[in-house]
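Several structures are given next for inspection.
Shared between the two complexes below is chain A, which pairs with chain B and chain C, respectively.
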Partner chain A sequence: MPGNALGVVGKGVFLLQPTPRNSAPEERMHPRPTAAAAATPEQLAAIDAAIARLQSLPGACLPILHAIQAALGFVPAEATARIAAALNLSRADVHGVLTYYHDFRSAPPGRHVLKVCRAEACQAVGSDALAAHVAARHGAAVGATSADGALTVEAIYCLGNCALGPSVQLDGRLCGRVDAARLDALLAAAKGADA
Partner chain B sequence: MSAEAIHARLYVPRDSAALSMGADEVADALVQEAGERGVTLELVRNGSRGMLWLEPLVEVVTPQGRVAYGPVAPEQVAALCDAGLFDEAAGKAGSHALRLGATEQLPWLQKQTRLVFARVGVTDPLSLGDYTANGGLAGLQNALQMQPSAIVEAVTASGLRGRGGAGFPAGIKWKTVLGATADQKYVACNADEGDSGTFSDRMLMEGDPYLLLEGMAIAGLAVGATEGYVYLRSEYPDAHAVLTTAIERARAAGWLGKDLLGSGKAFDVHVRLGAGSYVCGEETAMLESLEGKRGVVRAKPPLPALVGLWGKPTVVNNVMTLASVPWILQHGGAAYAAKGVGRSKGTLPFQLAGNVKQGGLVEVPFGVTLRQLLEDFGGGTRSGRPIKAVQVGGPLGAWLPAGKLDTPCDYEALAAAGGLLGHGGLVVVDDSVNMAKMARYAMEFCAIESCGKCTPCRIGSTRGVEVVDRLIQGQDRAADEALLRDLCATMTSASLCAMGGLTPLPVLSALDHFADDFRGR
Partner chain C sequence: MYSNKVLDLGTPAPRSTSTVTVHIDGKPIDVPAGTSVMRAAMEAGVKIPKLCATDSLDAFGSCRLCLVEVDGRKGTPASCTTPCEPGMKVKTQSEQLRKLRRGVMELYISDHPLDCLTCPANGNCELQDMAGAVGLREVRYGYEGENHLVGQKDTSNPYFTFDATKCIVCSRCVRACDEIQGTFALTVQGRGFDSKITAGPTDFLSSECVSCGACVQACPTATLMEKSIADAGQPDRAVTTTCAYCGVGCSFRAELQGNEVVRMVPDKDGKANHGHSCVKGRFAWGYATHPDRVKAPMIRDRISDPWREVSWEEAFAFAANKVKGIQQRYGAGAVGGITSSRCTNEETYLVQKLVRGGFGNNNVDTCARVCHSPTGYGLKSTLGESAGTQDFDSVEHTDCIIVIGANPTDGHPVFGSRMKQRLREGCGLIVIDPRRIDLVKTPHVRADHHLQLRPGTNVAVMNSLAHVIVTEGLEAKGYIAERCEQDAYDKWKAFISDQKNSPETLEEHTGVPAAEIRAAARLFAKAPNGAIYYGLGVTEHAQGSTGVMTIANLAMLTGNIGRPGVGVNPLRGQNNVQGSCDMGSFPHELPGYRHVGDPSVRALFEAEWGVKIQPEPGLRIPNMFDAAIDGSFKALYVQGEDIAQSDPDTQHVQKALESLECLIVQDIFLNETAKYAHVIFPGSSFLEKDGTFTNAERRISMVRKVMPPLAGLADWEVTVRFAEALGFPMHYRHPREIMAEIARLTPTFTGVSYEKLDRLGSIQWPCNDAAPDGTPYMHEKEFVRGKGRFFLTEFLPTPERTSKRFPLLLTTGRILSQYNVGAQTRRTGNKIWHDADVLDIHPVDAEARGIRHGDHVSLQSRKGDTTLRAVVSDRMQPGVVYTTFHHPESGANVVTTDNSDWATNCPEYKVTAVQVTRVAVDKSDWQRRFDEFAQQQEQLAERAQEVKK
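Up next is the complex of A and B:
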């Protein structure tokens, strides 16, 4: 494609004058920890176990990353080199896969993970207001973890429960017709079980 | 136990929509009540009947057939039992206000033509016995007696078109794969179902998983593939669990594996999970992802039918496409083609979503109008306000204004109305929704999900968000509107795949039909 392909778009105006306001799409990634803690021996063992169990699968990289996150809640930085070595890939390859997919976290989440559906059918019945409520009431905006480490809130784009929105997934469990009151009750029950 | 001890058989769905409304808690409460009342309870966890606004829907088997109650909250179970729920088993009608009557007589179900969803909600999804007792495997058994080309011929004759969005004739695709020579071929089922407003793939996989496996096996026989993969989105953990168990049981029963139903022919299925990327539903991105890589779209040609998974000839079909095949092999291509209209043959499981009073799944022949779906089945909006627009076909589909509700739902008629049918999902919004906001969201979603391979989509979507914002702000409306249309034209004509290529559809349809919303009102 020619270097100034977008020149045809609005005669280059876009490239020359990006508007500062509101330009970034909603952040789906997670805030990176300022200094990533080194993985513990247990975490390294979990990484190696996932690799050993799955490395013979065709196209094993994605299944291994899933397995590591399922075990640890995130994919520690040390996983990249180990997966690369086991699968005979470059570290850049593995890093590329890890960072391409929205599912994978590079830092541990809060004790509970709430995924709020932001897609059209849930927007149509108030998911924006629900996300605003979570931020105001439970201290975590979409893409962030509450200061007490209790709750990570993530955006998700459709949970297949579009007739019963707004839908959320709390710690892997699907919940439908979630208004502010129902959400408070769900979170209270989840946090109550921690104690 | 006393002489009049009751034995009751009840159904409580395990479909995740039902679970999201407390079906497990209802099931637990029923077990407890039955225990306390000395009732012998046989509890079946079925799929959902698709009347999702009635979930959890409890059914009790009576001498006259199944009787439905819903929506049942866990705390209502005791009152239900007091009002004679268990006595229904002995033929005494219960009196609770949630009693809906005989399930099969409910108008919502009566008005449907369920070919693909015939068993969903009726049977225990994981019971091999239920499956065969209700017509399962008949299509595969027929296929095993046929030459591959005859199977392809039957699918071609049925007129079945791909249900994943593009509507490409399945028979033609299969013929290409059959004609390719290779040491290995694959069947790759696209279960990424990323479109907002769609859940038919999920309901089928949770409610009748063997049907998908049977369809994949038939596809394998037709094209000479011995391995199948299901690419399932990670957002569907319940479907994952059901499908995994179904595959294990099907293997153990000889429905999959080296010796399909004792025929000596081989076909096996594996499940792989996606990882939260919408564009991985695009077939070539899906293949990349199945190979364990970044889900970046491949240039076509070569077609996946010739150079697909790990470079081998591959049938890529949507869940609904593959699940339509067993019926066709059982009843013949002509019987299928007799349903529907024009070049849209057969039935489509429509999904009513968003701000709709009676949301759920409706399987009817093509040709039904949007109004029939949204008003007769859907009952209008949940909020009670007027329907403002409906987005048909997911985030890349057009927003159609209420004035277009008499459009028939078939591939050609929707295209003529400026939209697309896609995977058959309908998302309703009422008049409180600002369509400029939805247009902005369409660009934003494209920016979030773009695979990044081509410039119009990768950069154009972010610029699109900015222009919509400026347009709403209204400093130089005429210039910004011209810019937005120019940008959309570039994305439409110069994007490599439909992600960038169709994002302008929801944007421009909103702008064309709801210009006022872009004037900051």
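Up next is the complex of A and C:
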């Protein structure tokens, strides 16, 4: 019953963070409500711009979500209601789409995003060890961002590069035959470019 | 979930006339083409295990429990998604199927808390039943794997809880919210093993959920569970009855433990609601046993005296003596009565009978005076009968809908959902309303045209629509020639074609762009089936009756009366407004809308009642108030209506009530009117009596007693005993005898009886020899009056105009969670959604006045002022503000004026010139006086309790 009684207006809105697939079961079962940081005016403008540009497409919800994530690196909580209003969908409709795809983030990622393939072929050639190495060495477990904000690590399921596993994708670039040393080099190069 | 004692056929009935024969486990059965194998089997008495299927929702095919084998086909198709084909031979049980089903159940149960004995759904759980049906004996996977067994219940909704640990993600709730209710508030969050039902990104209360209960009813487990069932346990019996809220008249199963209601569930067989409900009927029934209920008669000589609780005998004698004394001193016409649109047909009939026979005058009126009296007048004049032309099902055949002055998703939510279903199928929609009501734009529904007119200009907009249709040659020429009075039509055509009725000319008044009107007119005229739905936004105007006539004119002009999918459809406000009007509650009409001036009609009633009936019409409600103030009207018997809150110009009403020597109030609560009363007869809620209600589609439905009246007498018994005390005995042992009398005396009711109502479930009048099972849609071959008559409907701007002092227009209405004066809903959990009336104001008007969201604002008119909180909302148009009248202390009607409809005196609630200013104080002088008086009256009522002790 939105918007009728004052009592409901301005009530805190909590976003349930979609949890990464491979997190511990108890973590997956207890998505803690996290008070989402309010989007900045620039972020809201980016959301509105994406909506304005794409809303006339048939099935515009996904293209808009992609455009927002491309612009901001994540989809702020405020996007849900704005997309819903523009496309005449319910907020729940948009929430369902948004959470269905693991690719959409609800919080800003680190400066670099590393996707480690966790599908069977890569697992068979050591992607688990690779993930453990990243967590130990670079401070970001799969599904988390390092404390210095430099790196977010995500799981991905098959990059279509099975013959050359283990595979990762760093900032959108596919790399095969990745071992710990190669990964450290890749990350060092990427982080080095930041400076 | 729905009671598992009621058969669930699994999938909905298809709309098909041809049949196919299939064999289910060797049993041949004929079913309509398109019927699912599951439904065919259930109809044949063969139960197929199922979880994700229920007969209120389209088949989904996700649970894989309803698998069957079909001769000559490979595999084991899901019976819910497999349509019957001629000659199909289906096997529902085999060793293979048993293994498959057990396997499926094993997976479900491996991730389900095994707390059946302490679960609120125990005894009424489909998962439990299915585990039994498939013979589950062990879960080979154990219970230690990843699961969903830990989690917090969402208890935010006042009426039900959501416990994801018990969820099997069958999506029945999501689909019920989408398909039936049309709110789309639920979704599946995440995917795969992470899939979880949520109300979007928030909890239920903060979500888009409107608490209709469809999801709770659809849930096969205890995931979505009524708090009342969690508290009380499962019901042991059920009684079918009719909701006492709005004019949709939903049929409900009152589920009981002994005499205590534990749940109200919409009845799947209910012809008005087909198993759907809204937050009021489904959940907001707790007022019936609220501690505020009046449980004993009370009397006092002056309204400043404390109340005295007395026996029924003493109360009747006291009231009768007062009335007789007043009549001796001031004349027979100094007393009158008001019937209640919330009471049953039988009860309203008795009150008008008591007034005409016991008081000996025609001073009887009903709250329809202030809502739909123009409907009665307007439709009787044009079509010949004072009622809507269709049934609700008709909307399924409509191609273009006009909604004018109605807000179905708030005011008539169950029908609103039906309408939205049709709109999602592609039906056109034209909304004529000063506010952007939900229907204009709501998930998956968008109006083709929103004619956002200025309040008070309905007639201008409707005339301009008709002008476009006539001048562009889009009228239904053949229909008009065959079915309507030619002379009247020719005159009307000349009138409407005049340039003064063009959208371009009227734009200045209506504020609606002419091009938008032209486009809307063409859309409506060209639709094969066009239907008009309207509400109090049409009737509660100085030109209310004219507005109703413009609607009838437009429907005749486009040939849209007399078949399914079309028609003129007044959405009635209260549960029994149609019925109270039918039952002769008007000062000029006996039951069946027959004028008291007609000697032959009077003779009929005089013979039955054994009294003389006055030939002159009596006083209308506003006349009663005026006469009370001028001293010629001294006593009033009010059955279940709160005139002190609901009627316009509150201070005038208060003055009138204070002038009475004897005010007799019959109500379930000490309402605002009761504070001015000398006698209180405790009323009975709809759960405490037998009778009938008649809804907006003329449907007469049974109200059945599920518990004894709290004060000992049902309302009909109170009127009977009061009449006796007045020396006008009535001899009824049961309401069925009252209905028998109504049927004897009323041509449109001659075929109605309780026996037939029990048999058919409900009946739409006229029900007589010509239509023994009732009449779903009227005026089929010809109009009730013979030929339909076009009336000239000149637009006259209301005298209520904005000025420098009062530059804004106030319009009033209601919202979903509260009902009318709120006496019922304010005493339920619905408070959480609307605990105070607020003033909606457009951002432009707010900014000009320095008003921010949540500020206290003073709302002033020439009649009075009150203070509310502001809600800044772009639902409004600039220059128009809006409030509701659900809370007495808000004083919305302190502001409304004495303007009224020219024909019926229906008040012009919808247009009041006002000013709005930001104020520091939270109460106006009137509100402070109101508080003081309310407090004083509460103390006087409390002292009645003390005297008794």
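Worth a mention:
The rule is simple: the second predicted complex is superposed on the first by the 161 of 195 C-alpha atoms of A that agree within 3 Å, B and C clash if a C-alpha of one lies under 4 Å from a C-alpha of the other, contacts with A are read in each partner's own complex, and residues count from 1 in each chain.
Here is the rule we go by: contacts are C-beta pairs under 8 Å (C-beta built on N, C-alpha and C of every residue); 3 or more make two chains touch, one makes a residue touch a chain.
Since the model is a prediction, treat every value here as computed from it, not as a measurement.
Touch criterion met: A:Thr80 reaches chain C, while chain B stays clear of it.
Counting the residues of chain A touched by each of chain B and chain C gives the higher count for B. In the superposition on chain A, no contact is made by A:Ser56 with either chain B or chain C. Using the contact criterion defined above for the overlaid structures, shared-chain residue A:His95 touches chain C, although it does not reach chain B. Of the two partner chains placed around the shared chain by superposition, chain B is the only one that A:Cys162 touches, whereas chain C remains out of contact. In the superposition on the C-alpha atoms of chain A, the part of chain A touched by chain B in one complex and by chain C in the other spans residues 1, 5-6, 8-9, 13-14, 18-19, 21, 25-26, 28, 93, 96, 100. Of all the residues in chain B, the ones that touch chain A in their complex are 16-17, 19-21, 52-53, 55, 193-199, 201-202, 234-239, 272-278, 289-296, 310, 351-356, 359-360, 382-383, 391, 395, 425, 427-430, 433, 438, 441, 444-445, 447-449, 454-456, 459-463, 465-467, 469-470, 483, 486-487, 490, 494. For chain C in complex with chain A, the residues that touch the partner chain are 146-151, 183-192, 194, 198-203, 205-211, 441-446, 815-817, 832-836, 838, 853-854, 869, 871, 873, 875.
Listing the residues of chain A that touch chain B in their complex gives 1, 5-6, 8-10, 13-14, 18-19, 21-26, 28, 58-63, 65-66, 93, 96-97, 100-104, 119-125, 156-165, 167, 169, 172-177. Every residue of chain A that touches chain C in the complex is listed here, in rising order: 1-9, 11, 13-16, 18-19, 21, 25-26, 28-30, 77, 80, 84, 88-96, 99-100.
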